[in-house]
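My questions all concern the structure below.
For clarity, chains are labelled A, B, C, D, E and F in written order, and residue numbers in each chain start from 1.
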Amino acid sequence: MKFYEDISLNERFVTPGRTITEADVVLFAGLTGDYNSIHTDEVYSKKSSIYGRRVVHGLFTFSIAEGLFQRLGWFEGVPAVSIGYEDVRFIKPVFIGDTIYFIGEVVDKRISTKKETWGIVRIRMEGKKADDESTVISFIHAYLVPLKNGKVSTNEKA
Amino acid sequence: MKFYEDISLNERFVTPGRTITEADVVLFAGLTGDYNSIHTDEVYSKKSSIYGRRVVHGLFTFSIAEGLFQRLGWFEGVPAVSIGYEDVRFIKPVFIGDTIYFIGEVVDKRISTKKETWGIVRIRMEGKKADDESTVISFIHAYLVPLKNGKVSTNEKA
Amino acid sequence: MKFYEDISLNERFVTPGRTITEADVVLFAGLTGDYNSIHTDEVYSKKSSIYGRRVVHGLFTFSIAEGLFQRLGWFEGVPAVSIGYEDVRFIKPVFIGDTIYFIGEVVDKRISTKKETWGIVRIRMEGKKADDESTVISFIHAYLVPLKNGKVSTNEKA
Amino acid sequence: MKFYEDISLNERFVTPGRTITEADVVLFAGLTGDYNSIHTDEVYSKKSSIYGRRVVHGLFTFSIAEGLFQRLGWFEGVPAVSIGYEDVRFIKPVFIGDTIYFIGEVVDKRISTKKETWGIVRIRMEGKKADDESTVISFIHAYLVPLKNGKVSTNEKA
Amino acid sequence: MKFYEDISLNERFVTPGRTITEADVVLFAGLTGDYNSIHTDEVYSKKSSIYGRRVVHGLFTFSIAEGLFQRLGWFEGVPAVSIGYEDVRFIKPVFIGDTIYFIGEVVDKRISTKKETWGIVRIRMEGKKADDESTVISFIHAYLVPLKNGKVSTNEKA
Amino acid sequence: MKFYEDISLNERFVTPGRTITEADVVLFAGLTGDYNSIHTDEVYSKKSSIYGRRVVHGLFTFSIAEGLFQRLGWFEGVPAVSIGYEDVRFIKPVFIGDTIYFIGEVVDKRISTKKETWGIVRIRMEGKKADDESTVISFIHAYLVPLKNGKVSTNEKA
């Protein structure tokens, strides 16, 4: 549970990993409606894709970054707000069976000029394949994080 | 089905809409593992969130943009590749029951300097609430799109 | 557990019912990829559909017939094979919140001319709304059902 | 986007394909409640089924036809209504890992005698395995499709 | 369909089996939020778990016991109530691909001292792997079951 | 991240909460195959159930306890093993829309007599409704937890 003051510039962390399964690709295609053949048709992908097989949706790899980060508990019970992303780059394709984890680093923190009981924190995330440590995705995630002594209420139970 | 040459600079389009349901939020929390209370605990959200209720994951609103765009059929059978996003901004929260659609505009197109049978296309997307036309999210999506007469094979069946 | 001989011509049955939820519609759209706005966009449906709201996919109502029928246990442990449907008619639209059950009647049974250890059984099914008993769908389902004393092995455990 | 007038008798089309996964079978069993051992128990299926392994639900193969057809965009923004199916035949079993696509042909079109701003269109669909082009399912799907100049409103946005 | 009187002490039964898939593990992690690396990260599990690979959530194996038991139809249309479990023991790990079925035995039945139109029935369940018949889980499940001639209404349709 | 030595007898904790949705009930019925009408048929439940409406599967409420507990991070990267449950009691029915959280207490800890690099920890859990703090479920969960200085390897990355 981290408030703005608990987060240090240049602080680094590593998330747990997650093996991406065929079921994940099926579920993500279904949930988003992105059924492009490159994700859902093995015969087409073998023949026409530059990868020779189905690839995982880039947005799925991107989306699980947040789920894996949440498991570190920073914002469990802290009402931080995601305000945006910068420079989202898909560097290498991810395939079914790859295990992905993220390395994060706090690259910027400053008090919000609009609401002084909140700070803005920028975290650079790099998604890596657990087998060869190659980077598959990188981006910067900007959060609005409440100050500890601000007027923002928190979930006292959690 | 659009190859690089079929896409015009400043071309605009509107995607179909989609009503975001409680089931979508449950499924997205489950699939990504992002169970933050702001998305999954109504009692907490009423008490502690600045919105007074559960909000839809920003990444879910972001992720369905691609699914809605695919329904226009541009890249059905064209092996375009998503290479990244710029300036993803969550402008207004989205709540369960909101209907969201996207307005797109081709803001840049150029031949890739690395592979001359491909072009880079940048599309600016704005997600809007169907009831009041307010903007909830905006971003630029960069794709690598094959040229029609390049050596890139396509799915002749589809 | 019913083999061919255990099924009588004109035998009738009633399946349990099931309340169709918004989650079912979301999941069926996702699983089949049929995201037509009439099922997924409440604003569009209000304005443009003849029903004034989202309708449940006809194929979903059709698909659950089999699941509800299975709960009667006829073919639990009997390797019956579905060979086809005739006259599938969508009679009334089904909406989120409707509870549907099916009335079945065995309308035909005969020994297969191709494989004499199997019989063909035709069951007429009518899907009904539990609140007003109106019929929403009707069809005939043809099964190939093993004879009790044929050579077809069965799951002795179950 | 096709209205009644945009559809020609004997017009033919090919849908994209889709690889059917174990996850699809698990999800379809769950969503419909059809947990028959022939779909969900590999040990039973090896021993007792005539196929020697789990088979995909016939209704799932049937259901994805509509999803694959929707990707062609005919009825995106056109409030066509499915009115029924004729002669649904399961010709060959489908197994986990098969890639299926559909060939369609408009076999009948006529103005509705009941509502003259609508036409009835019958499409014959054949589901094929992408590896050997064998036919696994065939059926005729009847739609009610609005005329372009009828009074039926359409989604002007999409 | 069994009321209290239809159930005999020491009565035994065998449920159908079910092959546990990777999709089941993905879905159960998602639905419960239990994303522990031992269930979702193959690389971690290979290195750090005593099993050398991902294991199925014990609670998933436990949860499907009820689904498999329901397929026997005892409480279809009988409003029995689950009141608790005793001595739930995870005896052997279950892995993706295992087929599990349950052997049940009625180990206790008595009229409820609190509500005399209901009886308490205790069923001992043992989950077994279909390949080697080894036991993976055992527990006792206590139900409150209505008497046939009590005042408890039943679903007359089903 | 807690090893055996980091856990104190009588230590208490509170998990985050979770609002149980209709989608959760649909998904749990589907995933486990427990489609009993008391969970899936609103018309039947209104008429025949003692609760007058659908109830949440007891096993679902039970299952999410583990997911909510994991969010506290005790066993993130610690290969603890669930060995069983005692005295699982369903005290009050849970309905769609209820928000549930758990209060835990370590009620027993001792070195395993079989493997001395592991300890057994028993945690008593009580599930509570967030609106009125009434208890809906209680049970004792027994874990095998590695000692910090034992030979058990841990996920050094996480």
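What to note about this one:
Methods note: contacts are C-beta pairs under 8 Å (C-beta built on N, C-alpha and C of every residue); 3 or more make two chains touch, one makes a residue touch a chain.
Composition by chain, UniProt nomenclature: A, B, C, D, E, F = MaoC-like domain-containing protein.
Everything numeric here is computed off the predicted structure, so don't read it as measured data.
Common partners of chain A and chain E, by the touch rule above, are B, C, D, F. With centres defined by CA atoms alone, the chain at the far end from chain A is C.
The centroid of the Cα atoms in chain B and the matching centroid in chain D are 27 Å apart.
Chain E and chain F have centres, each the mean of its CA atoms, that are 16 Å apart. Centre-to-centre separation of chain B and chain C, using mean CA positions: 36 Å.
Touching two or more other chains at once are residues 16-18, 21-24, 26-27, 30-31, 33, 35, 37, 44, 67, 71, 76-77, 155, 157-158 of chain A.
If each chain is drawn as a node and touching chains are joined, the picture has every node linked to every other.
Interface residues of chain E facing chain B in the complex, by the touch rule stated above, are 27, 29-31, 33, 35.
On chain F, the positions that touch chain B within their shared complex are 16-19, 21-24, 26-27, 67, 71, 97, 99, 130-131.
On the chain D side of its complex with chain B, the touching residues are 14-17, 71-73, 76-77, 101, 155, 157-158.
Per the touch definition, chain E reaches chain A in the complex via residues 21-23, 26-27, 30, 35, 37, 40-44, 54.
Residue ranges on chain B touching chain A, taken from their complex, read 18, 24, 27-28, 31-38, 44, 47-50, 57-59, 62-64, 66-68, 70-71, 75-77, 79, 81-90, 139, 152-155, 157-158.
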